[in-house]
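Chain lettering (A, B, C, D, E and F) follows the sequence in which the chains are written, and residue indices restart at 1 in each chain.
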């Protein structure tokens, strides 16, 4: 039942992001913070600050450029963007904290646990089984933190 | 007008792949060849043979395991799967022939040129500008071969 | 003259493995589980399940495809296959849990600690000293768990 | 019983290599050039010079350190060392010229075409199909240069 | 004698970039284009356009963010920044066109050919000999285009 | 004021390393240990032994080849060499212990915290934000161990 709800909400979510992006193309900081707010699930400024404390401009670039200029763009919905990021970070296999953050981000953006798992499993083909298994480990930790049970995830 | 058509066809495409997958779960070879036929755009056996001539079982694994077992799975539509693969191969940056094949695959599966470009641009954030620029080079070659003009692609 | 000797011995080694593999070429699941049993050292199903709990088909693919279809093949003995895997995972440097598993796997398949260490040291040439040092860290942990002393290992 | 046989044969193989290496442990340059002569198949100095013309010490390091100190070591035979290198370079996927050189090197060191192909195919499991396919492309070029036919290679 | 000249010029170059950066912190586009003009050696807009024709915003991001926000920053001189980039791209080994561009960029920013070669050679230690050799290949091509002879480079 | 002091000391440091390198080109072990002594900040032999206990020749290669032959070379000062190494290891993203060691090494060689942070931030452009963020994490740990405060670092 919950899952049906997510499927209904997802298209609305996409449209709303595209609308925001189009409404005020100049203000990339506000747009970046809004997109980050969806992905991170709130408390954005504090989390950014804790990551980039000794390099504060890096936090600015993440908000303004990475999420304000790039990830907020229309042309591709946020759910697919997050799945693409999960795919890339699983394949690279060298950024486990960011992979966990984007598994959370994909779920926060409206992806189902199944979609996340499918993308990670698929990476076994393109980046090998070790990369895929370490992606599954990251998902296991995120799912546990969110009380997503195995039955909900793999079905 | 063509683009609208693609958007209408895409959901149907997804459903039909899922149906095939469910209809005959045992026959992973036939399912893999059917999925490859969509991605490659026909002539699958000859292309597989030319890639794996000196390692024929590798061709079998690609058909049966990679596309029959993994990429044909329900739970995620083929369009998103191909975009995830484009993301991963752009980020890895060490498999240019396969990246070109999957840019073609994404388009063959019903993705728009814009969606492909958006995924590749997004990789600038997660894998750096060189990876993204080399992904754009791959897309440029594929688009030229398919007579996709810049105006159609980036708008 | 030494080289001629090696060439004569090598086919015997290969053939003996091929005979085992050829005995039941059809059953890739059974074959994969048997190969995994050597590499993992028993308790295969439970270990696979714990790795792939939220993605059970991934466990099936590892058993049937990765170890049933690929690693069980004749043409190369299991000891050399495990050393090749240790080489690759040391060089990639982004899959430490799997590297530890295959250092164990190499030892379980009959490789000496020296052979494992030599392969990891050699990666300093092809993937740099950091990759090699992190491979040595993985070996140190595995050797400690198996009570392999430094004297046994490096001599 | 098969395994016992392998363990008995292995030390002989190692010792024969160790004898050569031990004959003149001090002279790592001569030892490196001798090992390179086997791998490269003659004409070593000219080839090294053409690779490292604008960085001549790099050529010295390759001869003295990489092949004199590391690859010439006893403890692992040259055939297995070359297969380990082919595995690593196939998995890394970013050093195609060196991969070709070491496919040649493996064959020059006495590996069969089948063994080389098996190692490259196996990398599909640990580094993904694109890496393995690009390794096969490298092998195809080398085999063509050496007039190794498909029948000889894959059988 | 030429080298002494370069050492004298270098500090001035550094200061001038820092001054530009400080003078108008808001205008990151102008600053990015000015820094790119030094690195690329003129004709920036046309070159950017040819790289990002099907993804024009990518060109904007390179000018405004990559070179306007990041590479133009004070705190590290442009020569060292370019050497750091040459180091990273040599080590990654998967972005040969960009590596060539930044070998040119390092020379344009005032680095000596020797400094460029030293950084590339050093990567043999941290990323392995294949990465370093492919970096040398890139440098050889750039040096040939600029008529830098071997004697000037390696001495 | 501290920064001015460092800038004055740096050239002296460079010259002294070059002098040692030229004084006794044959003795690469002594030269390597001397360079490592600067980078590691003393206690070199014990640290090397703890890293390479089960592969002691690896420790010899690090001292004699990596630091004696390569990193001690004239043609590039040690400060820039360490920044290049920090750049490469941040970009590769798969050798966190060595990245921490070389952040320490850069500081020990006379780099300012700002220079280290600038190089790591710059990698966001060439290797993506996850690589840069994980580099910042490594720097944060090193800075904490050395009681370098945020104010000192980022200003």
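Just so it is clear, a contact is a pair of C-beta atoms (placed from the backbone, for glycine too) under 8 Å apart; a residue touches a chain by one contact, two chains touch by 3 or more.
All of these numbers come straight from a predicted model, not from anything done at the bench.
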- Message: Give me the set of chains touching subunit A intersected with the set touching subunit B.
- Response: C, D, E, F
- Task: Return the chain pair with more inter-chain C-beta contacts, choosing between A-E and C-D.
- Result: C-D
- Looking at CA centres, what chain is most distant from subunit D? A
- Query: Hey, how far is the Cα centre of subunit D from the one of subunit F, in Å?
  - Reply: 32
- Item | Whole-Å gap separating subunit B and subunit D, where each centre is the average of the chain's CA atoms | 35
- Find every residue in subunit B that makes contact with two or more other chains and list them. 57, 61, 65-66, 70, 73, 89, 91-94, 98, 117, 121, 123-127, 129-131
- Query: Touch graph across the chains, line, ring, star, complete or other?
  - Reply: complete
- Message: Per the contact definition, I'd like the list of subunit C residues that touch subunit B in the complex.
- Response: 57, 61, 65, 69-70, 73
- Complex contacts: residues of subunit B adjacent to subunit F: 91, 123-131
- Flag every residue of subunit D that touches subunit E in the complex, lowest number first. 51-58, 61-62, 66, 89, 92-95, 97-98
- Given the complex with subunit D, which residues does subunit E contribute to the contact? 92-94, 117, 120-121, 124, 129-134, 136-137, 139-140, 143, 150, 153-154
- Write out the stretch or stretches of subunit A touching subunit B in their complex. 65-66, 70-71, 73, 75-76, 80-81, 83-92, 98, 114-115, 117-119, 121-127
